[in-house]
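Two complexes are shown next, each including chain A; its partner changes from chain B in the first to chain C in the second.
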Partner chain A sequence: MKNPFNHDHPPADTPLVNVQIDGVWTQMPKGLNAVEAARRVGKFIPHYCYHPKLAIVGNCRMCLIETGGPKMDASRAPVLDASGKPEINWVPRPAIGCATNLTEGMAIRTDSPLVQECRRGVMEFLLINHPLDCPICDQAGECKLQEYSVQYGNDHSRFVEEKVKKPKRVDIGERIVLDDERCIMCSRCIRFAKDTVHDDVLGFTERGSHTTLAVHPGQRFDNNYSLNTVDICPVGALTSKDFRFQMRVWFLKETKGICTNCATGCNTIIGSRESTLYRMTPRENEAVNSEWMCDQGRLGFHYIHDPKRLTQPIARHGPETTPLAWSEIIPQVAERLRQFVPEQIGIVASGRLTNEEAFLVAEIRRVLGGDSVLTDYVPRFGRADGILRSADLNPNTHGVTLMGLSNGGASLADLRRSIDAGQIRALVVLHEDLTAEAGWDGATLQKLDLLVTLGLLQNPTTDRADFILPGASFAEKRGSMINGAGRLQRLNRAIPSPGQAWDDWQILLRLKEALGGGNGLHTIEEVFKAMAAQVPAFAGLTLSRIGDLGIELEAAMPKETATE
Partner chain B sequence: MSNPRAVDPATQLVEPEHAFPVSEAHGALVTFPTGFEAKCDELITHYPVSKRSASLPLLHLWQETFGHISPQGIEWIAAKLDLQPINILELVTFYPMFRQHPIGRIQIKVCRTLSCALAGSYKLCDHFRERCGTATSDAHGIASSPEGKYAVEFVECIASCGTAPVIMINDDFHEAVTLQRADELLGKYD
Partner chain C sequence: MPVQERRLILANIDRDGYTPDIDCYLRNGGYADLKKALTLDGPAIVAEVKTSQLRGRGGAGFSCGMKWGFIDPKKNTKPVYLICNADESEPGTFKDRQIIYKDPHQLLEGMIIACYANNVHLAYIYIRGEFVLGAQILEKAIAEAKTEGFLGKAINGTGYDLEIYVHRGAGAYICGEETGLIESLEGKRAYPRIKPPYFPAVLGLYMCPTIVNNVETLCNIKHIVRMGGAEFAKIGKPNNTGTRLLCVSGDVEKPGYFEFEVGALTMGELINDVCGGIKGGRKLKAIIPGGSSAKVLRAGERYKIKSKKPDGTMEEKEIGLLDITLDFDTLAAAGSMAGSGGIIVMDETRDMVECLANINTFYAHESCGQCTPCREGSLWMKKVTDRLVAGEGLPGDPKLLKTVADNIAGRTICAFGEACAWPVQSFVAKFPEEFAKHAEGKVATAARKGTVAQEPSKAMEAA
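Right, the complex of A and B next:
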């Protein structure tokens, strides 16, 4: 992700300068701003309008600090103190930290009495017209105004006048709601819209004591990245329609995840409570998505709680369906599959499988007959937007390709023809609906003697299936995927699977064992290890070594699935 | 398993309250007098570094030409300067001298600041308002007469404090205006 600004990451070759931060001398890249410099030595300068990825405008004044420079003697040489360090000449008035760029010999104080006094003043002004509707505000619990009030503000209000009234619950976009009374006019959202996603529709009207954040009349903030403004809005002025009033944020358990709605694989934080996923927010990863994600990806999780979710393993005998325990159904599936010769079996894999699942599918295929088992995956393409979204809508095309399950979709037609011709009589379909998504008609599926599906939702393919195996969604399982740029990243389990639905790797592993391929794998770590032993791209890796931010795979990724 | 979604009328969203009704945005459009666009282009050449700096001059020109700044004006000026309309709307709503609706044709400004106030400008302003039959003031403090002939505004110091009370009628300056002089002056403008 290319940000117009990266104030927190100056170019590596930036020269260092000597600076004093709260009395301690250290070296920092020249030109770094004081907020970032303080952060690097573990000090925090509170700020509202400053954001490392946005233009610096210095309008909130929360980051006021004291600055100084070396004291010079008559011959313009620095005056040194007893320890040989330059003495500081402090500037008598405060300066904003976000727009203070380090120069040689600069000194800053981040927490002096003057600085504390400044912060109290800024907080008092910000709160004058604030509606203080924290009890019903979605931001409560992760609101900078609340946090800084506690840390840097006053313990009481001196304000006896009338508060300024402004528009509330304003519908400014498809997925976003504005409460102008809560807005502290930091302009982060305006700068994000304009500079990061080039959709300059937000602005301040009526500037003065009635400053109002607004969309231009007749325009809307419908941008596919609009919900990032909800994240960067320091207060509850911008809220997500999807998440509004759904859950108090402090009840949310946070799990590190990745978005599986396209091949970019934006890093996320999954917010869940008990077995419900409530929201996804971007997690910083400069190698992938920086601090952003698209709205489609962010909201593209509700299907996992769809009423059509499959929660019970089911076997069908003619018109009858029988719910079965996993221990019963897996041997039955294996038994039926064994009745076919390799040339009679087909597998439809999916770019939604994790590497581990794809590896196990490849193992099953080997047991069933290897290359004689016609196999492909279902490609899925949209349009790259030049910001984050990839044209490849499968999260793990590289992974299924690496495991030898993909022929780029070219074999799907052969598969279908062979079924229609009665050559292929058994089909295993993983996380795909062949009707709506691959465009097959039901007649082809009717020709099959055996159809086994593993997936999440009931659909026309599962309606025809002889065995329905309910799997786990991206938020319910562990495993890894390779994004479009060849980065190996991890999924983590945020919530349990509903009902009897089970981790796909467990299902696949048991099926493989039942087919006669027992190999002493018991945990996902062991599956990864077995995979790493076979797949050179993963040589030397373990699931834990992937880490939270993923790692660049050295092996070159196949070209035909490149994302942009 | 499904995510419980609350529906409550108290959480119903409201339409954005705009500085002008959206329906007006493409209402009656003005046609440009000859030379208007050429004048705009000429003004833009005064700002070789950034066209954006021509925003205020163009707004002034628009208001002088058409009496007020309509949605059409905002959108046209934005397009002219390769800006977005919101960038222009921000300016129009910030500067009190820009008006978003028409006012009376003959504009009377009465000074209200100290010298003039001491010299009777409050009475003078009331007198004008009465004689012109202007209604209550708009958001900009300008009171226009219903037929659209007069607009009376009580303004801050117009820098002739020694000859108080002073007024301006359109672009003309008048000093030491008594009530009688006020009536004479009104007669001169039509």
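Right, the complex of A and C next:
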């Protein structure tokens, strides 16, 4: 992800300068702004309009600090104090930290009485016309106005006038509602739309205290990144229609995840409460998605709570379906599969499988007959947008390819022909609906003697299946995937799977054991280890070593990025 | 003997038979200074302007030569733009319009010389939207100057090319702030830019070095070229050179615009000798000396003014309001500023709370709304003074006004913050008894005919 600005990450070769922060001398990259400099020494300069990835406009004035420079004597040499450090000439007028760029000998005060007074002033100004909708505001609990009010504001209001009235519940786009009274006019959303997404449709109208955020006449704020503005809006002015009024944020459990809606694999925070996923928000990873994600990916989780979700292992005998326990169904599936010779079996894998799952599928294939078992995956392509979205809509094409389960989709037609011709009589389908995704018709599936499906939702393929194995969604399981750029990343479990649905790796491991005997693997870590022992790309890695931000794989990986 | 006007810029303005067309201008020696300038090289003219000690007439009084000197012709690789700030919107100020309407070629000539001196090939006149006719007059003058070869390609047969465009504002005071003006010229909302880093001389129009000068400042350039910088510097006082257009409004018998050598007359001479004294023989109460944003001065105040004696030693004198000489340094020493030259006089019948309410209404209406303290503070102060005027004052109001203003000044993106805070700070500090009376909540200003309509605060009605 290429951001127009990266104020927090100056180029590595930026020279260092000596600066004094709250009395302590330290070295920092030249030109770094004071907000970032303070952050690096564990000091926080509160700010609203500043964002490390957006243009600096300095409008909120929350980041006011004191600045100074070395005191010079008559010969223009710095005056030194007793300890040999330069004495500071403080500028009487406060300066905004976000636009204070470090120079040699600069000094800043982030918390002096003047600075505190400036913040109190700004907080008072921001609140006088604010509606204080907190009890019904979705931002409450993660609102910077609330937070800074507690930390830097006054304990009472001096404002007895009538507040300025502005439009509420403005429908500015497909996915966003605007409350103009809550807007603090920081212009973050405007700058993001204009400079990051190149969709310059937001702006201010009116003047002074009547300034009103609006979408340009005849336009809609509908781009595929619009919901990022809900994240960066410091207050509850921009809310997501999807998340609005669904859950108070303080009840949300946060789990680090990755988005599985395309090969970019944006890092996410999954917000869940008990067994329900309420929202996904981007998690910063400069190597992948910076601080953003696309709306499609963000909202592309609701299917996991779909009423069609499969929650019970089921065996079908003719018109009869029988719910079975896992301990019953897995031996039955193994038993039926064993009745076919390798040339009679086919496997349809999926780019949605984790590496661990794909590894276990490859193991099962080996037990069933190896290369003689015709296998491929279902490719899925859209269009790259030059921002984040990849043309490859499978999250783990690299992983299934690495495990030898893919022929790029080229073998799907052979598979279908062989089924139609009666050569292949048993088919295992993983996380795919062949009718919808591969365009097969029901007649082909009817030809099969055995159809085993592992997946999440009921669909025409599972309707025909002899065995329906309900698996786990991306939010319900652990494992790893390789994104389009060759980065190995982890999934974490945020919520339990519904009903009897089970981790795919568990199901596949049991099936493999039922087919070919145990091999001492009991945990996902052990599966990863076994995989790493066999797949050179993972040599020396463990699941925990991948870390929250993932790692770039050494092995030559066909590179594909969203910008291509 | 009353001090005489020194009409340099107003030399022809309002003279019988003088018309704004180029023929009249040429008959009166017009464009001779441009022809002279074209025989000099640019840096030589910049040096003359430095020598002249000319200070900007737009409000801040910044040294014009120093401003031009920020752009180093040897290092700069980008095009340089020059913008004439003709947005004249500061209440109490009506001088630039005289030049634009009555002697547009004087402005053009000064501007062309300034452009030539700074190697500018594209310049703009940003004129306030309300000057509809003014914009037409300037368009016509530009066309005439082109026909005569003073503008366009190969000016007056030299290799120098220059185009000047007139750009009309849409009615916002903030478009007069130079970086807001630049944004507006670029087609955006006139949101002033943060400085640093967006100093016009470095990152101005289209992120190129840009000179922004006031109309009157640019006219002076022509006269500096004619006289030479040193000769010009003899007019007025050191560091306060040249003449100044003064706009007098308010409670005087003969309001109007005048031109005097800077520092040549006192406030008393201006009001009594030039403007015929306070209206109706009433007594003076207060003066805003440099446009509505300048701090108010109260009759009876004493000021300690330091000045340099001819022998170089400093001397301190205590003077009264009417003894203040009208120059940059003296007005600054008196705690206010020469600003835009708009002198607003208030007599003893004026209710200072009402006057401030009027000013506050203006600033609340004109704040661009970009930065928090000014956006919220300007309207807050207006609401408080409206309440005071309506007889709904509260005991804490004067202190509230002061602290709100204190929280604006020095903490905003542009000097509008000071512009709206200074009147409040100075009115409240200098007329405490009037504010205290209103703060008791009993005094509603007797409705004066023709003053601003006040919106009574509904919140207070309910209370």
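The working rule: the second predicted complex is superposed on the first by the 557 of 564 C-alpha atoms of A that agree within 3 Å, B and C clash if a C-alpha of one lies under 4 Å from a C-alpha of the other, contacts with A are read in each partner's own complex, and residues count from 1 in each chain.
One rule holds for everything that comes next: contacts are C-beta pairs under 8 Å (C-beta built on N, C-alpha and C of every residue); 3 or more make two chains touch, one makes a residue touch a chain.
Keep in mind that this is a model prediction, so the values were computed, not measured.
In the superposed model, A:60 lies in contact with chain C only, and not with chain B.
Shared-chain residue A:184: touches chain C; no touch with chain B.
Of the two partner chains placed by the overlay, only chain C lies in contact with A:160; chain B stays clear of it. Look at A:122: by the touch rule set out above, it reaches chain C but stays clear of chain B. By the touch criterion stated above, A:276 is placed in contact with chain B alone, chain C being left untouched. Looking at the shared chain after the overlay, A:203 reaches both chain B and chain C.
On chain A, the surface patch touched by chain B in one complex and by chain C in the other comprises residues 203-204, 206-208. Every residue of chain A that touches chain B in the complex is listed here, in rising order: 167-172, 177-178, 200-208, 214-219, 241, 244-246, 275-278, 302, 305-307, 309, 311, 498-499. On the side of chain A, the complex with chain C involves touching residues 56-62, 64, 93-94, 96, 99, 101, 118, 121-122, 124-126, 128-129, 158-162, 164, 184-185, 203-204, 206-211.
Chain C makes touch with chain A in their complex at residues 172, 189, 191, 194, 196-197, 364-373, 375-380, 383-384, 387, 394, 396, 400, 406-407, 410-413, 457-460, 463. Taken together, the chain B residues at the contact with chain A in this complex read 1-3, 5-6, 8, 11-22, 25, 71, 84-87, 89-90, 93-94.
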